[in-house]
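The same chain A turns up in both complexes below, where it pairs with chain B and then with chain C.
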Partner chain A sequence: MKIALEALNKHFGKVKAVDNLDLEIGDGEFVALLGPSGCGKTTTLLMLAGIYKPTSGHICFDDRVVNHLLPKERNIGMVFQSYALYPHMTTFDNIAYPLKLKRVRRKEMKERVQRSADMMGIGDLLDRKPAQLSGGQQQRVALARALVKEPAILLFDEPLSNLDAKLRLRMRGEIKRLQEDLGVTAVYVTHDQVEAMTMASRIAVMNYGVLQTYGTPNQLYNHPDTLFVAGFIGAPPMNFLEMTFEERDNGFYLKTQALEIRISAERGALAKQNNVPQRVIMGIRPENVSIVAEQDPDFKAEVYLIEPLGREDLVTFRFVDEEIRALVPAPFDGRIGETICLKLDKEKAHLFNPETEVSVLRTGNGRSS
Partner chain B sequence: MLRPKVKPVLAYLVLIVPSSLIILGFLWLLITSFSTRVEGLQSLGWTLNNWRFLWESPFGPQYPSIWAVTLNTLVMSLIMTLIVVVVSSLTGYALSRMKFPGRKGFLSLTLILHAFPSVTLLIPIYFVLLQIAKIPLIGRDVPLLGGFGYNTIGGVALVMVAFQLPFGIWIMKGFFDNISWDMERSALIDGASRFKVWWQIIMPNIKPGIAALSIFSFLTAWNAYLIPLTFTAGRAGKSAVLSLYLQNFISESVMTEWNAVAAVGLFQLVPVVLFFLFTQEALLNIYGGGKKGGV
Partner chain C sequence: MRGQLAPYMFLSPTLILVTLFFFIPLVMVFILSFTKLDMTNFGILEWWKPVNWSLDNYVKIFTNRFLSRILGNTIMYVAVTLALFNVGMALVIALITTHIKRRTGFAFRTLWFLPRITPVVVYTMMWRALAGPAPMGLINKYFLVPLGIGGGEYLLHTHPWVFIFLVNGFIGASFGMILFASAIESIPKDYTIASKVDGATTWQTIRYVELPMIKWPLLFVTTYQTLSLLTSFEQIMLLTDGGPGLYQTEVWSLTAYHRALTSYFGNTQWGYGAAWSVVLVIIGIVMAVIYLRVFKFGELVEEPKIDQL
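Showing the complex of A and B:
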């Protein structure tokens, strides 16, 4: 089922929890709503579920406005962070509850409950109460309950946040696979950018109730539209340096007190076309900062901190008043205090207007290059 | 710093002194009710005479028997408990879950009412009950209850309900507040109506709260004195309750039979003690976290 949100608003008193949201979700797509806590992503999800009524705007399922429909009329399944199992019912009764309300016949109900429980690997736990299950098992019961009514849309509200790291990784894969197998449209709310990146076909990043950007994980990672998205997506986070943009001798330069880099004519022209201001914020990901031999460095910096990550080491360098972090192949053999030559991959650098916080490397179609 | 061994001893001492005062009182009651006379805690002769009221009316046939009075007390307590629990859980749910104008005002008003001394309202309530008595069908002559007007079991229960409700509503609201919104939302999405959510999902999860409030209300009604005294014709009337029955033994013209008073007092106490023995855990819930003992 397709979902379309048109100029959707939700106000709680004076607070604009969701501000003029437009979003389209294709049939069978897996979309993540990503953002820090309080950004309006859960509010959006609850409006999709029919728990909250929008202040204004439309919610359409397959071109049909559903604003006025009750939750039970929307044919959705939802999984909550707290699992929201009914503690006084057995696993069987929990999963069967949606079917009981639909007055499905006893025999069919039993079959369907067993089928979705088996699908989630909890077929032998049906007579237990939720309190007798582990967190991971409870989450599977919640999933089975959401799936048993064969919904057209699955909603997830941070379903993995309460699980331990290892289990989270496993469930992540299982949910993604399940969604692909069933081909059901899924909306997944999370504050964890890794979860969003790994699971979703498209990610909608929200902040302060406003949609920041909407695109594939690749687009968001490689061509972030705004400063917020650039900083929010990616771990370790992108480095930001305040620099001066200059055009001279038929070339484009970025300057600070300690370093000057030349960027390609193509990118410089694009920035100029987008009215780049003189002061810009340059963003570069730690993996695009590399250590080079003595000749031809972009700049030199002092090793300040070394954080081994196993496959790579995360090294923080200091130069003048600035700090920059680099992911370098492990083991990094420098010592703290040592001066090292560094080079930046200029083609991977991002430029943002500090006033509007928007990328100045956007091409005509709105996507930054 | 006290040494670790001294500390619990001190704690026990602090607990033993005040509780022994109460225990001594009950002990005296027990001994007295089976004695002809007592000197301190020492019986000067054992007898069952004080318990005569169980099988014969000691004050003549115009007075109701102890069993009629006990039945009255039971009916009044059960009626009051039932109404308090039903109304409190509906109101508590609405106050906990729904937004409506006047919600805050209503909550603080209930709290003020809870703090209101009931004595000040006795006279106006008396007039209200007199008016209710005039209403046909429910005013008077209802079997078992008598009705809801003046000098009826139902009337007394009604007044008790009014005084108990603010407390009940706050307690129930607290229990509802502890139930996560997600569970309710989940049920709505699963296809339940608001009423079904309340009845099938929420209510089973606040059973400890219902149990606690029921016990508390029942005990309050069972032990009530002032309200039954004011709104019935007293010990002689057909609506007398146990606490009033005691009065039969205390009069100005005849010497008070304290041994019989002790026996009746003990008789009134027995159900309370039994109740406590079986329900104290649930009762603790009312001041505890609420969720404990649930599931």
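Showing the complex of A and C:
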């Protein structure tokens, strides 16, 4: 089922929980709603489910406006962070609940419950109460309950937040695979960007109820539109330096007190075309900062902190009064206090207008390059 | 030694009061119920001596020719008030006021609670005034007579039970209402949202999700209100005093009061009245045990069986 949100608003008194949201989700697509706490993700999901009435705007399923439809008329399955398993019902009764409400015959109900339970690998836990299940098992029951009525849309509200790291990783894969196998449209709310990146075909990033950007994980990671997205996506986060943009001798330069880098004519021209201001914010990911031998460094900086991550080490450098972090191959053999030569991958640098916080490297179609 | 005594020193005022005015009377009532102590032999009968104890009072109770009437009245009074008001209406009000706007619901519940903090005599007398014969009684004057129902008689004489139920019920319902409402409000929102997404109507969500989740307060209110209805007699005493017909609205606790503390012949039969009370206490205990069984108390405190996935 295709979903379209058009100028969707939800206000709680003065709070604009969702502010003029436009979003299109293709049939069978897996879309993640990503954003910090309180940005309106759950509110959006509950409007999709029909629990909240939009203040204004439209929700369309397959080109049909469904604003007025009750939750039970929307054929939606939902999985909660709290699992929301009814504590007084057994696993069987929990999974069977949507079917019972639909008055499915007893025999068919049994078969369908068994089938979804088996699909989730909890077929032998049907007579337990939720309190007698582990967190991971409860999450599977919740999934089975959401799937049993063969919904057209699956909604997830941070379903993995309460699981331990290892189980989270495993469930992440299982949910993604399941969604692909069933071909059901899925909207997945999370504030964990790794979850969003790994699972979704497209990610909608929200902040203060406003859609920041909507694109594939690759687009969001490599070509962030806004300063917020650039800083929010990626771990460890992107470095930001305030710099001056200069054009001289037919070249484009970015300068601070301590360093000057030259960017390609192509990117410089693009920035100019987008009315780049004199002062810009340059963003560069830690993996695009590298250590070089003495010849031809962009700048030198002092090692301030070394954080080993196993495969790589995250090193924080200080220069003048700036700070920059680099991901370098482990083991990093520098010592704290040592001065090191660094180079930036200029083609991977992002430039943002500090006023509008928008990328000045956008191409015509709105996507930054 | 001093250190060990200190806590008891702090507790002692309460302990002394509870002992003096609760435990000692409790034991005394139990002993008295085996004696023939009354106003005529007070100071003469050595009621504390076992030689003066017998089961005569109990035999008298169970051979009383009004026993079945009193018992029937008691069962009807407790069952009807409990089912229609103290649990039934309390639940309905709690459900309605928790499914509308929060503030409106809260305001309504506060209003409903007011009779409970009104002195019981004032409250009951107001009902007597309402039930009065035409043209003084408000119900007669403004409703029944204009509608041509009845002849404007004293309603406590024509329909005593209706008023006993109403008078007790309106106050009684507020207790359950407050407890049920707060229990319903404390159900995590996710459950009701999940239920609606699963395809339930509001009523189905109440029936299958909310009610089972407030099983505890339901058990508590039912048990507590049964016991308190069994032992409450002040409204009935003030409304009808067991009348208007012979033993027409006399309930067990009122009988105990009448036998022990008032009497037609100016002699108050303390021992006999105490026996009525003791039987009532036993009935109450039996009822409480039955409730715990019916509500499957054991299942509510089941051990979780967690294992690794």
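One rule holds in what follows: the second predicted complex is superposed on the first by the 369 of 369 C-alpha atoms of A that agree within 3 Å, B and C clash if a C-alpha of one lies under 4 Å from a C-alpha of the other, contacts with A are read in each partner's own complex, and residues count from 1 in each chain.
FYI, a contact is a pair of C-beta atoms (placed from the backbone, for glycine too) under 8 Å apart; a residue touches a chain by one contact, two chains touch by 3 or more.
All figures in this text were calculated on a predicted structure; none of them were measured in a lab.
Superposition of the two structures on chain A leads chain B and chain C into a clash. Once the two complexes are laid over each other on the shared chain, residue contacts for A:L241 go to neither chain B nor chain C. Legend: residue contacts after superposition of the two complexes on their common chain; A:Y97 is shown touching both chain B and chain C.
Using the contact criterion defined above for the overlaid structures, shared-chain residue A:L167 touches chain C, although it does not reach chain B. With both structures placed on the common chain, the touch criterion links A:L361 to neither chain B nor chain C. Contacts of A:I324 after superposition: neither chain B nor chain C is touched. Of the two partner chains, chain C is the only one that A:Q137 touches; chain B does not reach it.
Applying the stated contact rule after C-alpha superposition, one finds that A:K129 touches each of chain B and chain C.
Once the two complexes are overlaid on the shared chain, A:A200 sits clear of chain B and of chain C alike. The contact surfaces that chain B and chain C form on chain A in the two complexes overlap at residues 46, 49-51, 70-72, 76-78, 80, 82, 84, 86-88, 97-98, 101-102, 129, 131, 145, 149.
Those residues of chain A that touch chain C in the shared complex are 46, 49-51, 70-72, 76-78, 80, 82, 84, 86-88, 97-98, 101-102, 128-129, 131-134, 136-137, 140, 145, 149, 155, 167. Residues of chain A that touch chain B in their complex: 46, 49-51, 70-72, 74, 76-78, 80-88, 97-98, 101-102, 129-131, 145, 149, 157. Contacts from chain C toward chain A in the complex involve residues 188, 190-191, 193-201, 204, 208-209, 212-213, 215, 302, 304-309. Residue ranges on chain B touching chain A, taken from their complex, read 180, 182-183, 185-193, 196, 201, 204-205, 294-295.
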